[in-house]
Structures are given as structure tokens and as C-alpha cells.
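The data blocks that follow each hold one structure.
Each of the two complexes below includes subunit A, the first together with subunit B, the second together with subunit C.
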Partner chain A sequence: MVFLKKIFLFIKRESQIFFSNFVDLCSNILFFFLSIFVFVFALGADEQLLRTVGLGIIWSLLLLSSTLSLRKFYEEDFNNGVITIIHMGGMSYELIVFFKIISHFLFVQIPFLASIPIASVFFNLPIIEVYNLILTFIIGSLILSCLGSISSSMNLLNKTNFSIGSIIVLLFSIPVIIFSVGINNSDSNFNNLINLLIGIALIFLGIAPWSSAAFIRLALRNK
Partner chain B sequence: MMLNFLINPNKFNILADIIFKPLLIIAFIILILGLILVYYSPLDYQQGLTVKIMYIHVPSAWLALLTYAIMTIYSIVGLAFKIPFSFIINKAIAPIGAIFTTLCLLSGSLWGKPMWGTWWVWDARLTSVAILLIIYVIIIFLNQTFESREVKEKTVAIFILIGSINLPIIKFSVDWWNTLHQPASISKLSSPSIDISMLKPLLVMTIAFSLIGLIIAILRIKAEILIRKRDL
Partner chain C sequence: MLLINNLSFYRNNTIIFEDLNLSLNNGQITQIRGKNGSGKTTFLEVILNILEPKNGDIFWEGKNIKKNIFNFFNVTTFIMDQNTSTKKLTVLDNINFWKGLCASKLTNADILLLLETFNLLKYKNTKVMYLSKGEIKKLELLRLILEQKKLWILDEPYNHLDNSSIEILNQTFKDHANKNGIILFASHFNPSINNLEIIDFH
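Our next item is the complex of A and B:
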């Protein structure tokens, strides 16, 4: 019971932090919409063209705008020592990372999910593609949260090269993009691709706590 | 142990000093021999003179993959058994792999313009090799990034391990997907689908390229060992 209460308090604290920075989250979403506008201005307002490229644009912009806030993933907790305090309170680093990923998924990625239908209106996407987009984004954003956890824990002691974290997230999200957008190209193997995506998500849910915890321990030792 | 020089910097230094000059001469001779063989090799009935780009393209592609495979093995060894020499090797040979990958992409692009009519296509093999180049560049950048050496070494090793997923994708991309790039001609050891008159210069060039890579690797590893000794 005490353990469940600890987890509940951890998530409650995360939610309080996220809602106190609500403007930050909103500006990420604003970045997403504004970059859609930029794309439309750059491509021209041809309706047929926008319908064909819309899905790819929405996915890549979702990816870019969710990497915007990655630097905050562990950095504040690491610098003011909260992560050590929680660890001393009886949670292993792996567990902290796992619930951190879950809370990032809940409080950062889910608001993007709410903005997908509005974004797809701008491109006049057919309803089946919007449905597929939402389905793949639920799975894909979990993978993105795991990747973000890995890259930001990797960069805890990195004081010079800030953009390398986003580069790593973009590099490893290539398969996610391929399978997510590929669902719409061929309707026959829909189940295969969804299963592949779920498989990648489960692999990363397994890898991310282990490797992030290793990076956090390394950073704490060398601080 | 005979193979101690693979994990012990001092033994490596001793062996490298012994074999370096003979290796240099042998590599030079084999390179000249390979170039002569390439000069006299027959022209392709479809591709004409451009087939000779293949004698640079294929060895550099193989060596790009081989370098990454060596780095992967050394990362596993270094992380599992805590052998510092493996991190030295990781740092030293990453630029060599990057150069070979660049050479492979450039020569392929020069071949592709007259043959396929385009410098670049988004083909599975080409894209995965380009991603390999990006991974090499990220490894080089990560090596310059961190202040603490332990963090740097382990981060690079773990990144190399995660990035090694790309190796089987490159190898089997021509079989899994329907690509413009032709499938492997040499890997079927029993009956290679390349003529023996073209296979001979290709193998000689491969040996020459690997010797050149080995020479640069020895120089870089020795320099890296000296840097570590100065910093201690």
C-alpha cells in the first residue's frame, strides 16, 4: 500500500509541475500549429497536394515539436537533487524512469493527441487516415517518450552540445515514422504494421528504464 | 595469450612498431598491383568504363560495415569486461569508418548518374548506408561532447550498441525490399555471380583497402594511447 501511495504521489508531483508550466506546454502545441501554417505557405494552397502530403507533414511536425521540451525531462530534478531524494525514499532509478516516461506520455503527448483532429482539418484528410493517425500516434508517442528519456538522461552532463539529444531522438524515430505512415499506403497489412509498432514500443519500454537508469547513475557519479 | 595485443595497449604498441613498416610496403605493393589489375580488367558489356567505379565502391562499402562491426564487438567487450583499450579503439576508428562510408556513397553516386540517370534515389540500401554515415558522424560528435571521460566512453559505447541494429538492415535490405540496387554478387561463396576476371581485381583492391585502413587505424590508436598517457 505504501508503495502504491509513493507511485501516486510521484505522478501527482509530476502533474503539478506540468500544470504549473502549462504555458510551456501550450507553446509547444502553438509551435506545432504554426509550423503547419508555415508548411502550407511554403507548399501553396493546392488542396489535392495538401491531402497527399498532409499525413507525413503532421507526423514529422509532431515529432519535431515533441522534441522541443525534451531538455526538461530530467534536468531540473537532477540539478536540484530531487531524483536522489526520491531514490532514497525507496524507489529504484529504473522505476523512477518508468514512471517519468508514463507521466511524460500522459501530460505532454496526450495534449498533442487532442490537437491532431484539428490539425487534420487543415489538410482535409479523409476520416480513415485521421483514425489511423490517432491510433499510431498513441503507440508512437510512447516510443517517443522512451527515446526522449534515453537521450535526455544521456545529456545530463553535456554542457556544450545541446542539439545532439534531439538528433538522437530523430535518428531512432525513423522506423516509427516508416511504420506509422506506411499503414495508410497499403490497407492489406494493417495488422502487421500495428503489431510491429506495438513490438517496438514494448522493446523500448524494456530498454529505456534500464539504459536511462545507467546513464543517471553515471551522471550522479561524475557530477 | 597470443591475442593479448587486441586488449592490451602496451602489447599493441610493441606489435604495431614491429609490423608497421612491412605493412606499409606490402600495402603499397598490393595497391599498385590492384590498380594495374583494375586497369587491365575487362569492360562490362552494358556499363562500359563505369564498371571500374565498382572496384572502389564495393571495398569501401565492405570496410564501412566491417569497421562498425569491430566497434560493436569492442563496445560489448568494453562494457562487459571493463577493458579501457576498447574505448580507445572505438574513438580511434570511428572517423575511418565515416571516411569509407563517404567514399562508398560518393562513388556510388558518381556511378549512379550515368547508369541510373540520377545522383540519388530513396532506395532501401542507399538510405540505410546514409543512415550509417549519420550514425558515424554522431559518434564522432559524441566523442567531442562530454567533459568527463567515463561518461563519454560509456555513452559512445551504448550508442554504438543501439546503432548496430542498422547493420543487418544494410546487409539484407537488397533481399527484404525490392530495390534498385543490385543484390550481393560475392556473398554466395560457392558460385559468385561475378566473372573471375572481375573478381580478382576486386579482391586485390579489397585487401589493399583493408591494409590502408589498418595502417591509419594503427596510427590513430597509437596517437590515442599517447593522449591517454599524457592525461593520466
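Our next item is the complex of A and C:
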């Protein structure tokens, strides 16, 4: 019971920090919308062309805008020692990482869901593709949160090279893009591709806590 | 009782300390002194298992802490030289988080009284980022009383404090020692505490 209360407190604290950073999140979503505008203006008013490339563009921009907030994943808690304090409160680093991923998924990725239907209007996407996009984004963003956790814990002591963290995320998110965009092109394979996506999400949800915890330990030792 | 046996620590093949033996008894206040970079903080981090010693063991009440690390954390409060309060949350939010984390039995009235003692009551709904450095340090030190643990380990507790706060902190140390608590802290400051044991790091 005490343990569940600690987990609840941890997520409550994350939500409080999230609401105090609300402007940051809004600027990420604004970045997403503006880059979609840029694409629409750059491609011109060809309705058929926009419909063909729309899904791919929306997915890549979602990916890029969610890498914007990656550095904040652990950096603050690591630098002011909160991770050590929570660890001393009886939570292993693996659990801390796991709940950090869950709260990142809830408070950073899910708000993007609201922006997807609006973005789809600009590309004139059919409604079935919008449903697919939302479904694949829910699964795909969980994978992105796991990747973000791994890459930002790798870069805790890296104060100069800011782009390396995004490179790692972009590299490993290629399969996510392939399967998520592929769902629309083949109706018969829908179930297979969704199963593959869920599989990737579960694999990363299994790997991320262990690897991130190992990186955090390493960073604490070399601080 | 905390027992440290033949503890050695190397960083990049240079010796930070070697074959260190120490025993901290109930009711004892111990200060670690030394030059900058002499390894005071490192020593505290080795005790808390954040850093891995090259060899040597640490025992708490006869048990090796490496195998019972969470039992050891259950009786330990660690105040770092950084401030672990979250800058974007209010003072009370931070306190409630710490309180839940260590399952503290203090009531809300106790906490308000504590804030009053440290002159922080008027800031209870202020975000921590608007407080001064000394006030943030005092907020950090509140954790000592909030967590109600037996072993206190502190890194530079006197930084940024004014004279009256130093007095309160010394009195808190003495009270804790009278209640059979154990205190180990690293500092350059020479506090006026009787029966203070001093370890010099060269």
C-alpha cells in the first residue's frame, strides 16, 4: 500500500511539473503545426499529391517534434539529485525509469493526439486513414517514449553534443514509421502490422527500464 | 551503529582514500574535514553505495549494506550539496512529495510548525525558484526532521546559511544525537558542537 502510494506520488509530481511547463508543450505542438504549414505551402495545392504524401509527412513531423523535448527527460532530476532521493525512498532505478516513461507517454505524447485530426485536414486525408493514424500513434508514441528514455539517459553527462540524442531516436524509429505508414497501404495485412507494432512496443518497454537504469547508474558513478 | 572496514576507493587509478576504518556509534556526531578535492563527497557517496568501492565493506547494525541496501536506505537521510527541491513546484508540494516518499508520520500541523521555525511559513505556496539560496538550503534541511531516520549523512550542510539558522541546525544535531541518532557530515565550517569527532582527509 505504501509502495502504491509512492508510485502515485511520483506520477502526481510529474503531472505537477508538466502543468508548470505547459507553455513548453504548447510550443512543441506549435512547431508541429507550423512545419505542417510549411510542407503544405511548399508542395502546392495539388489535392491528390497532398493526400498521397500526407501520412508520411505527419508521421515524420510528429517524430521530429517529440524529439524536441527529449533532453528534459531525466536531465533536471539527475542534476539536482532527485533521482538519488527517489531511489533512497525505496524505488529501484528500473522502476523510476518505467514510471518516467509512462508519465512521459501520458503527459507529453498523448496531447499530440488532439493535434492529429486537425493536421489531417490540411492534407485532406480520408477518415479511415485518420483513425489508423491515431491508432498507430498511440502505440508508436509509447515506443518513442522508450527510445527517448534510452537516448536521454545515455546523454546525461553529455553537455555539448545536443543532436546525438535525437540521432539515436530517429535511427531506431525507422521500423515504427515503416509499419505505421504501411498499415494504410495494405488492408489485408492490418492485423499483422498492428501486432508487429505492439510487439516492438512491448520489446522496448521491456528493454528501456534496464538499459536506462544502467546508464543512469553509470552517469551517477562518473559525475 | 555504522562500521566501515578497510574501505578503499580509486578514481582513474589514482587513490582517493585507502584502507579507511571507521565506526560511528549511536549518539555520535562526526565531521569530515579536508581540502577541496580531498574526497569528502566521494567518501559519503561510497558509503551510500552510489559509487562502488575498490575493496572494503560497510556494515549497518552488523549487516553488510550491499546486500541489504534498501534496509540501509530506510534508516538514512542524505542531504546533498545540491538542492533536491524541484524548482517549479511550491514549497508545500515539495514537502508533501518528500513526506510521501519516506512514509513520514508528521501531521500537517507539525509541518507548518517546522516551516515557522525555519522562517519559511510565508513562502509555503511560493515556487522554490523564487526563494533565495539560503532559504532553499533551509528547505532542504527540513528533510532531516521530515524523514525521521536514524542515520543522517550531510554534505556541506552549512553552505548559504545565516547565523541564526546555523544555531538551529547545531541544536537539531545535538537533539538528534541525544536521541541516539548518528550524524556524519562533511564541511569546512567549524561548528560549535561539543563532543564532535573529527576525521581529517589529507
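FYI, the second predicted complex is superposed on the first by the 223 of 223 C-alpha atoms of A that agree within 3 Å, B and C clash if a C-alpha of one lies under 4 Å from a C-alpha of the other, contacts with A are read in each partner's own complex, and residues count from 1 in each chain.
Please note the rule applied: a contact is a pair of C-beta atoms (placed from the backbone, for glycine too) under 8 Å apart; a residue touches a chain by one contact, two chains touch by 3 or more.
All of these numbers come straight from a predicted model, not from anything done at the bench.
**Q** Tell me the contact category for A:211 with respect to subunit B and subunit C: first, second, both or neither.
**A** So A:211 only meets subunit B here.
**Q** Of the two partner chains, subunit B (first) and subunit C (second), which one does A:124 touch, if any: first, second, both, or neither?
**A** After superposing on A, A:124 lies clear of both subunit B and subunit C.
**Q** Using the superposition on chain A described above, determine whether A:15 touches subunit B (first), subunit C (second), both, or neither.
**A** neither
**Q** Now for A:168: first (subunit B), second (subunit C), both, or neither, which partner does it touch?
**A** first
**Q** Pick one for A:5: touches subunit B only (first), subunit C only (second), both, or neither.
**A** Only subunit C; A:5 stays clear of subunit B.
**Q** Is there a shared patch on subunit A that both subunit B and subunit C touch, and which residues make it up?
**A** The overlap between the subunit B and subunit C interfaces on subunit A comprises residues 221.
**Q** Provide the residue numbers of subunit B that touch subunit A in the complex, in ascending order.
**A** 131, 134-135, 138, 141-142, 144-148, 150-151, 154-155, 158-159, 162
**Q** Considering only the defined contacts, which subunit A positions touch subunit C in the complex?
**A** 2, 5-6, 9, 13, 16-17, 20-21, 76, 79-82, 84-90, 220-221
**Q** What residues of subunit A sit close enough to touch subunit B in their complex?
**A** Answer in residue numbers: 154, 157-161, 164, 167-168, 171-172, 174, 211, 214-215, 218-219, 221-222.
**Q** Can you check the complex and tell me which residues of subunit C touch subunit A?
**A** Those residues of subunit C that touch subunit A are 48, 50-52, 70, 73-74, 76, 78, 80, 82-89, 93, 96-98, 100-103, 127.
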